[in-house]
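Next up: the structures, one after another.
Each of the next two complexes has subunit A plus one other chain: subunit B in the first, subunit C in the second.
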Partner chain A sequence: MDNGTHSPLVARGAARTLAHLWMILGVIIVAFPVYYVFIASTHSVQTILRPPLPLLPGSEAFENYRAAFSGEINRIGGVSLWRLLGNTTLIAVGIAVGKIVISMASAYAIVFFKFPFRMACFWLIFITLMLPVEVRIQPTYKVMVDLGLIDTYAGLILPLIASATATLLFRQFFMTIPDELLEAARVDGAGPWRFFKDILWPLSLTNVAAIFVIQFIYGWTQYLWPLLVTNSNEMNTIVIALKKMISFADADTPWNLVMVTSVLAILPPILVVVLMQRWFVKGLVETEK
Partner chain B sequence: MRRTVFPHKLLPWLLLAPQLAITLIFFYWPAAQAFRQSVLREDPFGLSSTFVGLANFRKVLNDPAYLNALQVTVIFSVLVAFFAMAIALFLAVQVEKIIRGKGFYRTLMIWPYAVAPAIAGMLWLFMFNPSFGTLAWPLRQMGINWNPLLDGDQAMALVVAAATWKQISYNFLFFVAGLQAIPKSLLEAAAIDGATKRRAFWTIVFPLLTPTTFFLLVVNTVYALFDTFGIIHAVTSGGPGKATETLVYKVYNDGFVNLIMGDSAAQSVILMVIVIALTAFQFRFIEKRVHYG
Partner chain C sequence: MAHIQLNDLRKSYAGQEVIHGITMNIANGEFVVIVGPSGCGKSTLLRMVAGLEGITGGTISIGDRVVNDLEPRQRDIAMVFQNYALYPHMSVRENMAYGLKIAKMPAAEIEARVAKAAAMLELEPYLDRKPRALSGGQRQRVAMGRALVREPAAFLLDEPLSNLDAKLRVQMRLQIKDLHQTTGQTMLYVTHDQVEAMTLADRLIVMNKGVAEQIATPQEVYMTPASEFVAGFIGSPAMNIFTVQVQGGEAMLPGGHRLPIAGLPARPEVRLGLRPEDMEVVGEDVPGIPVVLRSVEWLGADAFGYGTIEGSDVPMTLRLPGATAAARGQRLRVAPVEGRWHLFAPDTGKRL
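Right, the complex of A and B next:
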């Protein structure tokens, strides 16, 4: 700020205004693609195909969304929009809840019990961090076929609920619980279940909420896995269905309905992140650090 | 280690059982299979397989298509990691100067985190679609022959933009947290000593952010290597030609579409080595962090 401004207050005010301008530009770039698809979803195919697209919502919004929900998506994607949203919600919630349940259970075992190979079990879980689906595509697919899990919800959910990160987080958190608390509970005759239900679970709620948001997003945005283990349109997630609609794109593609589907694929996870922002940001920054 | 634990012997195993079962069936077994297949070669009918040692690896590493994928991956990852981090850091520094409205900006900045990579790619494809994209239209007006479906460099620019866009949110949140942890007194002292804002940033703020930056570098690299499969698959399918075929896309394509098992397995093993190296790097560095954190 050595550009001749004399009063530091004026300089600071100017710097702040400039910062606001940069942030507005940043926000426009970040939010624009989402806004663009939303605007496109409110126009007719003819308007969409004649660029540039108007920057304000059009008059076809009601008609587009009504058509999409009442069977038009069925015609182009082979499956109803309701089914797509239902599938994706089921998978996202299934993965989030599944991860929380099994990683809390294993962290509880590792922290509050003493048994042979305790740390070996921990490492066994931990190392899965280094084995993402992408590095074992083909053999994992074969396992799925052998177990008859292709085109099933179990196949879409189960293999994704093992979670080294969530186990790690719960382990870390459980280790901060003072020994005195456990001693007191045991003196009062509380068993493992009572201790978990009455003491540990209430204390873990913030962490559970944070992990739920992160894993819900993870589940909702899955791509490679559903691509591998589903063939039938009935089992599509909304993301996969959208990709299929676009890849068969031709002159007759009802782009207005594709845009509606895009908006519905984006909106639920955005709502979850924005509404649960407080836990999400805290959880994200604290878990990963 | 805790002093007090529950005395049960069987219960901990029951609690661990689901996680261990899933881990063994869906992670360790397939990974072991990938290793096994990587040293075998199947006959064309899949009836018998013979041990061929490292031949599959030699074949893969001498394959121009693989080397091309390697090069594409490096270029793609470096561009995505650099832009996603640079833009996020710049915006995080700006938002820290602001007093009122921080929450508002943050709310708008975190949207892309919730958007699936494949959909992020589609959004950018809609905007830059050569036939009806609103943003492709001015490019054409300017006389640029814009067609990412035919031009490899333009396709690369499009997937890099989409991948970067999606990752800015994540980096932004971490840089904001990192900046907030820097003691304000240091910056005030620098200001009293007459340091310009720019100088204070490069000599004080940036060095103190190193832990965050390194952490994000690893996370962004892993993201660019693996999580962007959806973007590539949905937008370019590795094309045009093989201009955007990354390593992960090639493993998928060889093992799943073209069904060349031995090669695909060898590629999987190479990717595994890359992930292990990155994870090891990350943890060594986190160990170091503890000392001055």
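Right, the complex of A and C next:
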């Protein structure tokens, strides 16, 4: 019966190997385009245009990146790479921070305060989940025009910072805070502001980190809204600039510089995820408070 | 330190009255325990004093101030919660100091008070730990310490020991008693545990359905319960209470047995209460209550016999000496110790 006792183990081992192979395959499929972007950013435009595609880094890396940062992008798109990165960072951070401020404030009000039409407010926020940005984009655009916010950072950030999702997330988290904690704070003499600052905020930090990561990436990858609300090249985000750098004719496009820009567009979100990963995962899985 | 005065205190939720007018004076330094079954309104009453629940009618004064419309923090009280409600992200030291910090007390004074409370509660080794690294008993002591450092006018404790295991509960009970004696604080303590109630209290409020059935010392509550509810609630095992007919100055028991009881009122029926420990086994020639035992629980020093009055299905619990030879199925004749019986009105449940 030796076989009998061993076979489940063997089967499990085989299944595990298969699972690993499957996952490795998946990773390759997801990672290959990203890898190729990086490879292409290290070749000259002639090499990129001539098949077959090289699969190993080329010798032009330094030259490409130097050119991109020292004005080549400016020549093509009318705005420096530094400016693009700056714009995008500002907008992504602005949206992430704005969303956290607004959604925490509204969740705090809904969970901890009793006021008339409290549930109505909650449902109104909840209902906005059903309206994608595209549905309300035209009236939003009109409002921005009337307020003179076209081609401004405010115009890029403000319409995107209201977030039903983040509000719901914070509401769910706040509801796990035991009533006694609030009562103990009240007996200790903490008013609403102190309770928020001294107790709720420190307890929410991991959630804040998780939401920051998600919303930073959301802000960084915005395409439609920045496209609509900016006219001047100076206000472009890196994603918009990438689109503008690509002309219809393959030969006219400086692919090597496009790839450099792509790499630089990918890097900051990756950095944010890697740097905040520990907090991010904690915020998503932690239940015990 | 201060006295607390409750004057016809009432509370309604959505038109439904749950606290029906409670009046009481709690003296400075007195230890008062609010005891009752769950849902009797005891926690609500405490929370009204704390200012965590609104007041529908009546007044609460702490010291000489009416505090009805004051926030909890303005009432100069400290509270210990059932689940302790420690701030999970703060160390023991920070937990205890938080209230003082908000009150903008100088850091040196805070430090001194925390050190004093920590010494009193033997918490010094844990001051820099987070609550999650503490045992249940230690958390409980931190919750006590957090109240203690405030040096408030009154201590409010909401079932502070109910989350501890039995052994720790006894230990903490003694510690709370000591604490009360050393600090001389006015304490208002809610519990459903009658042992805690009897051992800690200077005076008890026995509550039932939002009414204070009796406000008295533990001895009075035990010896002369004001109502059938109090009689049944305080004492373990519970008092035997049953209806008897009054016939010619004697009580006619269920099963047709006669028992002479002094002071029977002039009404056809009365509820008779006999504590298990207030009955003795007597000979057949003495008037008494024949009891058929259904089971006997031997506890060491004494034993509890559970049975029914012969010829009826009225249950009867007896406390027997530990050396008893009584066994299941046996018939015992018992009689109440002279004067140790309780009579209640069948309609109102009040003591007669």
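One rule holds in what follows: the second predicted complex is superposed on the first by the 262 of 289 C-alpha atoms of A that agree within 3 Å, B and C clash if a C-alpha of one lies under 4 Å from a C-alpha of the other, contacts with A are read in each partner's own complex, and residues count from 1 in each chain.
Everything below uses one rule, namely that a contact is a pair of C-beta atoms (placed from the backbone, for glycine too) under 8 Å apart; a residue touches a chain by one contact, two chains touch by 3 or more.
None of the values given here were measured: they were computed from a predicted structure.
Look at subunit A after the overlay: subunit B and subunit C fit there side by side.
By the touch criterion defined above, A:Ala19 reaches subunit B but does not reach subunit C. Judged by the touch definition given at the top, the superposed model places A:Arg186 against both subunit B and subunit C.
Touch criterion met: A:Asp198 reaches subunit C, while subunit B stays clear of it. With both structures placed on the common chain, the touch criterion links A:Ile102 to subunit B but leaves subunit C unconnected. In the superposition on chain A, A:Asp252 contacts neither subunit B nor subunit C.
Of the two partner chains placed around the shared chain by superposition, neither subunit B nor subunit C is touched by A:Asp146.
Of all C-alpha pairs spanning subunit B and subunit C in the superposed arrangement, the closest lie 6 Å apart. Shared interface residues of subunit A (contacting subunit B in one complex, subunit C in the other): 183, 186, 289.
Residue ranges of subunit A in contact with subunit C, taken from their complex: 178, 180-181, 183-190, 194, 198-199, 202-203, 289. If you check the complex, the residues on subunit C that touch subunit A are 50-52, 71-73, 77-79, 81-89, 98-99, 102-103, 146. The touching residues of subunit B, counted against subunit A in their complex, run 2-6, 8-9, 11-13, 15-16, 18-20, 22-23, 25-31, 33-34, 37, 87, 90-91, 94-95, 97-99, 101, 105-120, 122-127, 131-134, 136-138, 165, 168-170, 173-174, 177, 196-197, 215, 219, 226, 229-230, 233-234, 248, 251-252, 255-256, 261, 264-265, 268-269, 271-272, 275-276, 279. Contact residues on subunit A toward subunit B in their complex (touch as defined above): 1-2, 15-16, 19-20, 22-23, 26-27, 29-31, 33-34, 36-37, 40, 48-53, 101-103, 105-106, 108-115, 118, 121, 124-125, 128-132, 134-143, 147, 158-159, 161-162, 167, 175, 179, 182-183, 186, 191-192, 195, 217, 220-224, 227-228, 239, 242-243, 246, 255, 259, 262, 265-266, 269-270, 272-274, 277, 280-281, 284-285, 288-289.
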